[in-house]
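Would you mind keeping the following structure in view while I ask a few things?
Order of writing sets the chain letters: A, B, C and D. Residues in each chain are counted from 1.
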Amino acid sequence: MSAGAGLAAHLPALQVVLPLLSAPACVLLYHGARVWWLAMGVSTAAFVIALALLAQVMGAGPVSYALGGWAAPWGIEYRVDALNALVLVLVSGVSSIALMFARDSVPREVAAERIYLFYTAWLLCLTGLLGIAVTGDAFNVFVFLEISSLATYALVSFGSERSALSAAFRYLVMGTIGGTCILIGVGLLYAMTGTLNMADLAQRLEPLRDSAPVRAAFAFIFVGAGLKMAMFPLHAWLPGAYASAPSAASVFIAATSTKVAVYVLLRFTFTIFGVEFSFDTLALAKVLTVFAAVGVFAASLAAILQADLKRMLAWSSIAQVGYMLIGIATANLDGLTASIVHLLNHALMKGALFMALGCVAYRIGAVRLDAVAGLARRMPWTFGAFALAGLSLVGVPFTAGFVSKWYLLLGVLHNGWWPLAVLLAVTSLMAVVYVGKVLEVAWFHTAAPGSVTERAREAPLSMLVPLWLLVLANLWFGVHTALPVGVARSAAAALLGLTL
Amino acid sequence: MSAAVSLGWIIAVPFAAAILIVMSDPRPNQREGVTLAAALLLFVLNAALVPRVLAGEALVLHLAEPVAGLPIALSVEPLGMTFALVASFLWIVNSIYSVGYMRGNKEQHQTRFYVCFAIALGATMGIAFAANLFTLFMFYEVLTLCTYPLVVHKGDAGARAGGRTYLAILLATSIGLQLLAITITYVIAGHGDFTPGGLLAGRIEGPIVGVLLALYMFGIGKAALMPLHRWLPAAMVAPTPVSALLHAVAVVKAGVFTVVKVVVYVFGIDLLAGESSAAWLLYAAGASILIASLIALRQDNLKRRLAYSTVSQLSYVTLAAAILVPISIVGAALHIAAHAFGKITLFFAAGSIYTAAHKTEVSQLDGIGRRMPWTMGAFAVGALSMVGVPPTAGFLSKWFMLTGAMQSGQMFAVAVIVASTLLNAAYFLPIVYRAFFRAPAVDDAGHAHGEAPLPIVLALSITAACTVALFFWPDLALLLARDLAQAAR
Amino acid sequence: MSLASVPPALLLIAGAVALPFIAPRWRLLALLGLPLAALVQVWHLPDGQVLAGEFLGFAVAPLQVDALSRVFGTVFCITAFAGALFAYRQASLMEMASAFLYAGAALGVVFAGDLLSVFVFWELMAIGSTLVLWSAGSTQAWRASMRYALVHLFGGVVLMIGVAGWAVADGELGFRSMTAALDGEGARALAAAFILAGFLLNAGAPPLSAWVADAYPEASPSGAVFLSAFTTKTAVYVLIRGFPGAEILVGIGLFMIFYGIVYALLENDIRRILVYSIVNQVGFMVTAVGIGTELALNGAAAHAFAHIIYKALLLMSAGSVLLVTGKRRCSELGGLAQSMPLTAVCGIVGAMSIASFPLTSGFVSKSMIVDAAAYQHLALVWVLLAAASAGAFLYVGLKFPWFVFFDRDCGLRPPDPPANMSVAMVLLAVLCIALGLSPGLLYAMLPHAVQYVPYTGAHVVSQLELLLFAALAFFMLLPALRGTLTISLDFDWFYRRFPVLLLALLTPPARLLWRALGEAVCDRIARTGRHLARVYGAREGIASVAGSGAMATAALSVFGAVLLYFYLR
Amino acid sequence: MNEHWLYRPRTLSRLRTWGVGLLVAVVVAELFVTLHPHFGFAGWFAFNAVFAFVSCVAMVLSARLLGRFVRRRDDYYDDDRLPAARSGGAPASDEERA
């Protein structure tokens, strides 16, 4: 009992420490299968912990945990409220499902003797992402960001194609710039306030709002986060990275890393700098809407014109990030709810889509449009899943995608931003086009005679199960919206300083 | 059985039927038996509702609320009742017809055909009884998706091309424009429940009204308002029963039904009548009536000619709604029923000709009326109804449209009706003349054929009879339509 | 609906529907029996509303009887009977059924007590007559019938607009005189005007008079008989009931009279001559309705009665000629009296009647109209009517019989037509004479009491002068009257030729323009597409995986911009 | 001789004389009846005769005059069709089908 209670008290720490410690353990275990089991176990444990935390938060309000017993603001505080609880669940959950998928997928794409390194990187990445979400310390955010980023570069570089290395390198360069920006930003804040604890920062910044360094800090952090989340003009690293990473890694990264960056932006703009400073003084909304709007449109258009399907999905991810930014820009309850729900929903749909492509890659290697001609008749389950997830991406009612898009439209229209509403409609149509294109080719075109497609079989169960888990999640959260919307709403309310 | 419950059943029956049909796959008789039974049951359930509707009972069934503020609910109102009655009755007839047609032409994938058909009817019922915009939109999309397999039934390149156009236009318009319009409505009004007098009444004014109206009218692609009509001719690659029940009744009527619902229950005719920015609809509808007729004039393929005639006839309903006086709303409601009976008869005839004589072009029909007197007789009745000549149903709706037009002094509408009457005659009468008064062309003097299989002849005779009967006994349709006009006030 | 109140219309329409199912040997019985039964019913029905009900929310009276409707009902039944007798051996089953539908619809109109019923039967009549035309089977007949059908559907819609407007303006649709409303203002006036227009179109009034001469001559020999009887006369009937004394009708009527004469004078096709004379004679009736006195209205009704009979007779004899010779042009005929005396005699009787020779039906009816004008001291009208009477003798009373049965011998020696046709002709010829000898028969039926006495010495003498000197003019101008192989353009040019010309004129430039536009648009689209593909597509432009250096600079420039922005705020 | 009696020269001349006689007789008859004209001019002697002759001549001449403008060869309309015909809507004319 007391043990249980004690454990419960240390959940925030465990959330990070567990994957952190098990990462080196992977190196020791070495053997591929065993490593997978470890990673799987740890990730699942992390997922359970995250759920427990979410339950706590929704029950008893924000949880604060002083690392090493040093009370904030001197020590490092782990602070969990609805928002980051949700992010924790998302990250750990996706990681677990992606690992299920990875079991058979990875050996196909990663040389056997390097698999254990792959999972090590995976766990480190997980650590970083969870850490960013869980910590209440600005500098700590930077540290974990770097951990996750470095791990991610590694994961990308495991890709089988030679382009993977260059993509990873490019990602590294941009990621480092982003990291540095954030570091400088945090440094400036520390210089001005002498504290790194977020809550503390928020208070001490009150008087210094109009000072140039604070504005600079804001700019640094904004751009830094923007780089990490591939906000439109800063997106160039993403397509290559997602496209050339191993399928399982693509699933994991695509579903999580940008989301966490969005979380960081939310945290800083709302919790630390505060709404009125960010939106009234600096009129952040303008910048965001411009970047987001252009991004959503350009990225969707690019997605339509891609021949490589993973690249297509990567572009659509950039567009989706744009949606989240629009939601943030509205700075009203509905808009923010939309962004936060979309963190989750986009993870679900994009995860599913990348998994489907993983299945395709598993069977026929290539994931180019022309290669999947007529494949749907050989892999109906895979493409059935792809279709459903695609509908969710488009935002058809009764899929998760509809929920977030609906709230987003509400938020946008509350501010009377008609043009944006139209833009959303148009880009949804573009989504119809690029998803529909794939489906049409896969269902109605005929395979080139003598191609691998003709001999292809349905993907193995071990990959279909996680795939369909995500698809069903898409449908489930499309109908039972109470849970995600509820959490997101309270999170949004907290960010806006409202009380529901 | 409480009314609300029976509402639930009305939605449930077709979907249940679909499942049963799947399960009875290898056994055609059982499969078609299930279809027929379901159709009958559905019609009975609908008919049972009529007295309650006429009594003015408000029947609401709250199903779920997936997203806060977006309940999925059903409710009965006169227009929906009319639509549901017509659709469910014609489903019976069409099932009889389908049996004859699908077997007569030895079509493939018949089970898939009947399943999709049942689902389509379920969706149609959902549209007819939707209590709010969101529910309606949802079933609207279901209808689009579940009719797609029917359109591409043949599976060849042509069918796929047609299906592509079909899906592209319907999805694009509904997701791109209609959903946006619906959202805007929810934001402005706070809810999307259809309310007599219009749920936007008094809430908006100025150019935005015209814009929103445009979003709706072009968002409702199924109403085939030009230039968004292309999907309808494209859908003609489908087997004739599909063209008949879905693309002359269920799907297209779902479109104009939504149009009328939007005009009456979302905007309210007073709001639109008072708003100059909404005036464009009348002219758009008129233009699409005339242009479609002119195109129909030049089609030699019988089904295509019928398709374009449908496009123009659908815009009749839009036009009637756009006249914006209660009496013309009556016309709109009546035309939904009247055109349904007439046009399904025409399509039945086309299918009958195809089955018996394997002819698809108008120019091949010389003297066919002597071999297939019942088919072509029914065709003649349907044609007269399209022209709007008594004693056929078409006259009723035309009468109320004209009365409305005269009442509101809309001389443009009057002129359009005059012109389109002549055009309709110009492209339908030649067919009748050929069939009955020309000697059969020389080439097929050799191979003789008689009437189509009995189920087909039976079906088209029934619908033709209904087309005439509706003229002599319009009372029920009229009562429902008048109630609708009341709600419009 | 008890047997006593069966509408005469229903008898014929039901007959039309049933006809195909009746065994051939009973058909003749049905064909001759039904019109007689209808005739009996017409006289058996009591006055006033026999059937009444409610339709589309309006009180309707599908069966309402008074003297006026009885006059027309009677003559329609007689014509249906004679027509059936004349037709039944040659005409196709389809034609007979159509003719009965047509006649039934006409009966429906004259016994309709409300505008809605009038309209319904009006449209039925259009359908029936179109079917009669179709039954002729020739391609010319087909095209003419399409024009005919479209013109009449147009008239139908115009009428419907009027009725709808009347329903809105007046609230109820009883079929009464609307002359007053016509002179008034606003919605009622508009509605009345539409109704009048609809009626006049069927009467063959300008500007759309051309449909009569365009369509009727294309019908089969028997078809023309039916067609000549019903459509235009129902129009006269509804005018008498709906617009008595509407001045505008006088002008329209006079125009029709002289239109008929002039075009008939130019015409070569014998049946077309007779058809132009329909317009001319209906013109007399329309004028009478315009004059609007009791005498004038009596005259209109009486003249309609007489006209239907002698016009049917004329078309029968012309039809017989066409049937036995296969020729329809004056210039190809002549001297047929030698071999078909009966037809010739009947034709002459008809010609005398239409010229309103004393002792013929035309004399007793047309005189009423002319004198009605006189009694109203309408000098000009009277003069024109007198001239027209003379002209009538000239252009049809003489031209038709002379060029067909006498004049130069065309060398043909065809026999008289089959017995049934001859009998029908004789029947009608006898009727013409009978009415001429004892006008009382006719006058007794008329809606208003009649004190009119046609046979005064003065009247007879002056009429004879008029006619005989017209004859003198005819023979003196004979060369000028010979038929030529020509047709005469009419208003129908505007819907027969003008659109074709317009199309021919506009198509090439339009096509060019369209192609040009199309190419322009296509090029633009293609170019935009290529551009987009380059900018957003796989390897270059936005989607390019730029070198890390480029990316870094891009990122930094963005950063610079943002920083600047936040400073300047 | 087999010629029909109507066409014997004697008949014709006889008819002509009878006709002229008839004309004269009708005019003379006017002396023995009392006209009661509604209009003054109608009372003039032989008014109807003259009026009929003149007006008929006038009508014929005016018709000829109009004829100059409206007369066409009687195959003038033969190539016209309903628009539907161009798309096989209206039946082709017999000569085409032959």
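As a working rule, contacts are C-beta pairs under 8 Å (C-beta built on N, C-alpha and C of every residue); 3 or more make two chains touch, one makes a residue touch a chain.
Quick caveat: nothing in here was measured; it's all calculated off a predicted structure.
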Original post:
Which of the two pairs, C-D or A-C, is linked by more C-beta contacts?
Top reply: C-D
Subject >> Maximum centroid distance from chain A, chain identifier (CA atoms) >> reply: D
Original post:
So what's the Cα centroid distance for chain C and chain D, whole Å?
Top reply: 23
Subject >> Separation of mean Cα positions, chain C and chain A [Å, integer] >> reply: 79
Original post:
Rounded to the nearest whole Å, what is the centre-to-centre distance of chain B and chain C, using the mean of the C-alpha atoms as each centre?
Top reply: 37
Original post:
Between chain A and chain D, what's the gap in Å when you average each chain's C-alpha atoms?
Top reply: 99
**OP:** Would you pick out the residues of chain B that each touch at least 2 other chains?
**Re:** 426, 430, 433
Subject >> chain D: positions in contact with at least two other chains >> reply: 82-83, 90-91
Subject >> Per-residue multi-chain contacts in chain A, two or more chains >> reply: none
Subject >> Residue numbers on chain C that touch chain D, as the complex places them >> reply: 138-139, 142-143, 146, 258, 261-262, 265-266, 268, 335, 337-338, 374-375, 377, 379, 382-383, 386-387, 390-391, 394-395, 406, 409, 457-458, 461-475, 477, 480-481, 484-490, 496-497, 499-500
Original post:
What part of chain B is in contact with chain A in the complex they form?
Top reply: 64, 66-68, 70, 134, 137-138, 141, 160, 164, 167-168, 171-172, 175-177, 179-180, 183-184, 186-187
Original post:
Can you name the residues of chain C that touch chain B in the complex?
Top reply: 56-57, 94, 119-120, 123-124, 126-127, 130, 134-135, 137, 142, 145-146, 149-150, 153-154, 156-158, 160-161, 164-165, 167-168, 187, 191
Original post:
Along chain D, where are the residues that touch chain C in the complex?
Top reply: 4, 6-7, 19, 22-23, 26-27, 29-30, 32-36, 38-39, 46, 48-53, 55-57, 59-60, 62-64, 66-67, 69-74, 76-77, 80-83, 90-91, 93-94
Original post:
Hey, which residues of chain B end up touching chain C in the complex?
Top reply: 384, 387, 389-391, 395-396, 398-400, 402-403, 405-407, 414, 417-418, 421-422, 425-426, 429-430, 433, 436-437, 474, 478
